[in-house]
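Okay, so chain A shows up in both of these, paired with chain B first and chain C after.
Let's turn to the complex of A and B:
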């Protein structure tokens, strides 16, 4: 479909919304509630654009493009409507960018910046502190929350944990956990999906606070080592140290979702107790050995046992962290090389 | 003075008016018998020909709405909106409490016309008597064979149940009402899809105000031609006007469309208290723009009120005499809307509170011209930009008050600036 955005012509595949068409072509439209994974909520009303022939402004997030549509995202009228929403959002909380963990990756901050806000253009909110620090990994700052509803959708419809909901209504509405109890006492499993979709600094990962700014980190894509699912991770690395872990949004199988271990359990790699070389126990104490020496020893012991007691004296348990392919190799080794059917997997028990 | 023999309110002042025996004695359920002998399409055509428009506030043509239903849909629902919450409106309450069968008969005819075998009544939670009356009316109708399987031998089945609201104004908006009926949080849905395409549990649903449905039996019984002969060209039939405020005899008045506002106030509602002059009138509930006293000759109809810069809304006329403090009026109206905002979209949730803060400062003698500026900026910004009409309805009275009575706002600001405090 041929579409004109701000006077430029674009070819857009059918079934896209105005926002998707604009984003795909590098045109910025402010939005606070839209997330690719969640779909349009049309809550924030920031993505106001003009369409030729329509007397009213429309929301770009939930308006599909049609052939020949002429869209203007930067007219005075559209920008005034966009700025109005950002002004409201800024006035509704304490948006203290200097100390905010999300600074540099915040969609509200971006919107205010790209819409060229100046100090006189918005009212600053001033509310008493309202922080829920009860959870082990997630910090909730209600004053930074703009109630975009992403975390509610993500918790209920993406990870289907059903913990986060909107409590009360109108201006006093706020996100709450279970029946409005502190997050740490709720049924939250701390998967952190809410921190990943939060556009502002309302839901942040505690472990990352003060460790590195969004623009300082190098993002390294890897596969989660915890289990055989193989979730795709993005490690946020500063000075060779992981400061945060997020899920890769467009990566299978997890599509951005992670569990509490994958997202927050990364300290072990810096543990001094971690084994880095094989150890062989001699006379009650361990000594360091080479891989060749260690593997030769294991093979020799296996052979000795089989010779003395037969192959069924040996059993193998494959680790749940292994991939399917590794577990297949493991059972192959046991059945066709060691000649025993004593092979199991720890996740089966 | 227009002489009008009440049709919709004919029964309400009879003793035991809510009982099915009373209703039957005065020709009740005759329209249903007649409708069941017609085909559903004929019933829809008759309602369409009457050109009746919905009485819930938006004034959408009822017959046209019924025509939107997909014909081949296996499951369809009818939802009856009795969640009357617009300040100044008390017409539905009167019918539900005093003449529930007139609505129920309309419900059955409408369900027959659209092919729904299940109807839900959503009633405002605070209508304690209304809930009782609805339930009693429904169970009596079941006993007499007007509800249930094979109604009056026609082969048409219908079940009706009552659902009480939990006290949210927003649930009077049709999609929020559907969410609430489904057991979810009462927030509106995106339109399109409209409920007629995707409503309750994603099935086609017709949502109808109960006053609209109370008109349906009369349309069927007396014919669309009779109905269309009443009222104005674009507002057919009669309307229950709720008059409140500074009048001598407030109440519900059933009158044909097109009757001048002045006649309702001075002849039916007994005029303004203590013979004072009118300062302003809200013609259709607090979400419609305020009219100044010059517009008092406006005929009460959808199109004429729109021409006068307001809207018919629910037909709830609030009269304010010359002693009224308009800043205080707007503050109170806004306080209501801020309290009732569901908080779904940003402009309504945050903008409403910001306007209320400005109004509270102004009304409390601590305001300044900056508050008036911000009030206007937020109201204009919100207008037409909210997710549902409630937010825009919050801006309407403020914008109209600023247009008509700006000097009063400025005086409030000047008084506090003068250092009286």
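Let's turn to the complex of A and C:
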């Protein structure tokens, strides 16, 4: 379909919304409640745009493109409507980017920046701190919440845990857990899907606070080390340390979803308990050894045992947690060097 | 439609469960068969709360109705299967619904209702986890779910089939890689002379053994008898994860020489003579293969601490010190130049192709898109799908006057296995200790309140834990996990094994429980 956006002509495949058409062509429209995997909620109205011949502004997130449509995202009228929404959001709550965990990846910040907010028409209210710190891994700052509804949708319809809802109406409306009890006391399973879809700093991962700014981290895709689903993780790495884990939104099989272990169970690798030196037991206690000494000892013992008792007197258990390449090497050691098929792993237990 | 049997998906495979819940929201039907009223049952169209270890009787009862009432997929059975006549005769003769009901504790009406629902919707995707396999009848349980899906013609279609959800991140991969005593990588039999020759040539050796090796339980048993002198344990905490800890520790203690690769000191490394410090997840490049047979990349973001080394390097160094020099120079080299070359079903998978999403094997050529589901068009790998008669057998140990409760075990959401990792990632904040989950009825009978200390004991051991009184658990059952050393269910579990698979009966043993005074 042929459309124009801000006077430029574009060819758009059918079935797309105005927002999708604009995004695909590098044209920014402010959004708050829209998230690709949730689809259009059309609640926040930040994506208001003008269509030639249409007397009313429309929301870009849920308006399908039609052939010949002339869309204007940057007219005075559209921008005024966008600014109005962002202005209200900025004035209702404490959006203090300097200390906010979400700074640099915040969609409210992006919108305000794009709309060149140098001054606000609405005066900010007085908001005493309103933080729910009761959950082990998720921090809720109600003053940063813009009530976009993404977490509600995600909790109820993506991970289907049914914990988050909007409580009350009007000035006192807020996100709540179960029957409006602290998150840590609720039935929340701490999968963190809400932190992943939250456009602002209202729902953040506690472990990551203060560990690294969005622009400082390198994102590395990997596979979760826990169950057999094989979720794709994005490791947020700063100076070689994982500071946060999110799900890969367009990755199979999990499409961004994770569980509490995948999202928050990563920092065991930094435990003080890690084994760092080869150990050899002598008179019942371990002593540190060099790699050469320990490896030579194992090779010698294996050779001795094979000589005296045959190769089948050695057995090995591989690891269902480590990589394919490691298991391959271990069975290769047993089969091609020790000459035994006594190699198994815990698939059966 | 989904048929979930012996799978506590919302806790053990939480992300997989989200897709089921999404489908149910959109109108899909869900049948849950489980001894516990676990979370998935909240979303179920029909729930059959079977007695522990009655799966085969229940499934055969279902199939009795499907056959007797002519509700099965005749065309699929005729065209794609064999052994049906004998199977049919056996089921009709031996598993009338009344008998299935008596053994499973599910009413005849409920069994019939489930049979009718199964017959009315196609395809139906069947999922199971360790609730099926961790029995002395584990192999026969698997045979039975396969019989059911063949009977319904739910094979070789998308969103159908028999889908075991693998418990660990790379249990599929460890099997695929030949960390099994009877097969080389890609399930190529060690007893096949042609395969032996192929691997001898590839590895530049002669005299590869064509005799299948020992499975884990036999390895452990062979330690005290000295048939096995040395055991090499890579990253497994067997002293907590195997059934009957007291016995397992006796076996480990008897090892003449025990070597461990690990990232932490564990209850198992205590028994080692040499411990190698290994690189952990995210400290090395490699691949994991998930339950869908999808080979996905695992990437290194930092170096292992201290002198810790990648596991592949440790094995290569031992090989070198025993006279074999290997080229292997890291994950990509090992995969691209050895594994995918020697494994026909993965020949098309190379690191360059799995930068983003992984590929599902079979993927035999470089232009093959991978295989999301098996047995397409009802063409089974053995040719025709074989109906195999499987008879119900009770668990090895059943409740009696002395031990009147059935102990069943599994995993909980907030921890993973023996907690070597989750216990060091702050998850203790949510779940700090083991509990014995008991029914409201039994708690009342025994005067136990939620949180009371209880003593649970079996013929093998005894633990003291807090009681968790819950409606998830039926009367007569105690349910526990193996995450904590204290109160670990494996002090109690029964080291009896399926005769084919040598999988232990973690799901059923007899215990008693009382309030600790």
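The rule is short, and it goes like this: the second predicted complex is superposed on the first by the 268 of 349 C-alpha atoms of A that agree within 3 Å, B and C clash if a C-alpha of one lies under 4 Å from a C-alpha of the other, contacts with A are read in each partner's own complex, and residues count from 1 in each chain.
Going forward, a residue touches a chain if its C-beta (ideal position, glycine included) is under 8 Å from a C-beta of that chain, and two chains touch if they have at least 3 such contacts.
None of the values given here were measured: they were computed from a predicted structure.
Enquirer: Check the residue A:251 against both partner chains and state whether it touches chain B (first), chain C (second), both, or neither.
Expert: Touch status of A:251: second partner only.
Enquirer: Scan A:229 for contacts with chain B and chain C and give back first, second, both or neither.
Expert: second
Enquirer: Considering only the touch criterion stated at the top, classify A:85 as touching first (chain B), second (chain C), both, or neither.
Expert: first
Enquirer: Give one of first, second, both or neither to describe whether A:146 is in contact with chain B, with chain C, with both, or with none.
Expert: First partner only, chain B.
Enquirer: What is the contact status of A:330 with respect to chain B (first) and chain C (second): first, second, both, or neither?
Expert: second
Enquirer: Does chain B (first) or chain C (second) touch A:23, or do both, or does neither?
Expert: neither
Enquirer: Hey, is it chain B or chain C that touches more of chain A?
Expert: Looking at chain B versus chain C, the one contacting more residues of chain A is C.
Enquirer: Where does A:171 make contact in the superposed view: on chain B (first), on chain C (second), on both, or on neither?
Expert: In the superposition, A:171 contacts chain B only.
Enquirer: After the superposition on A, what does A:43 contact: first (chain B), second (chain C), both or neither?
Expert: first
Enquirer: Quick check for you: in the superposed arrangement, does A:75 touch first (chain B), second (chain C), both or neither?
Expert: After superposing on A, A:75 lies clear of both chain B and chain C.
Enquirer: Show which residues of chain A lie in contact with chain B when the two form their complex.
Expert: Against chain B, chain A makes touches at 32, 40, 42-46, 48, 56-57, 62, 80-81, 84-85, 88-89, 91-92, 123, 146-147, 149, 165-166, 168-173.
Enquirer: Would you pull the chain B residues touching chain A in the complex into a rising list?
Expert: 168, 185, 190, 338-347, 349-354, 374, 378, 381, 384-387
Enquirer: Under the touch definition given earlier, write down the residues of chain A that touch chain C in their complex.
Expert: Per the touch definition, chain A meets chain C at residues 136-137, 157-160, 189-191, 207, 220-232, 235, 237, 240-242, 251-254, 257-262, 264-269, 271, 273-281, 286, 289, 291, 294-299, 301-303, 305, 309, 311-349.
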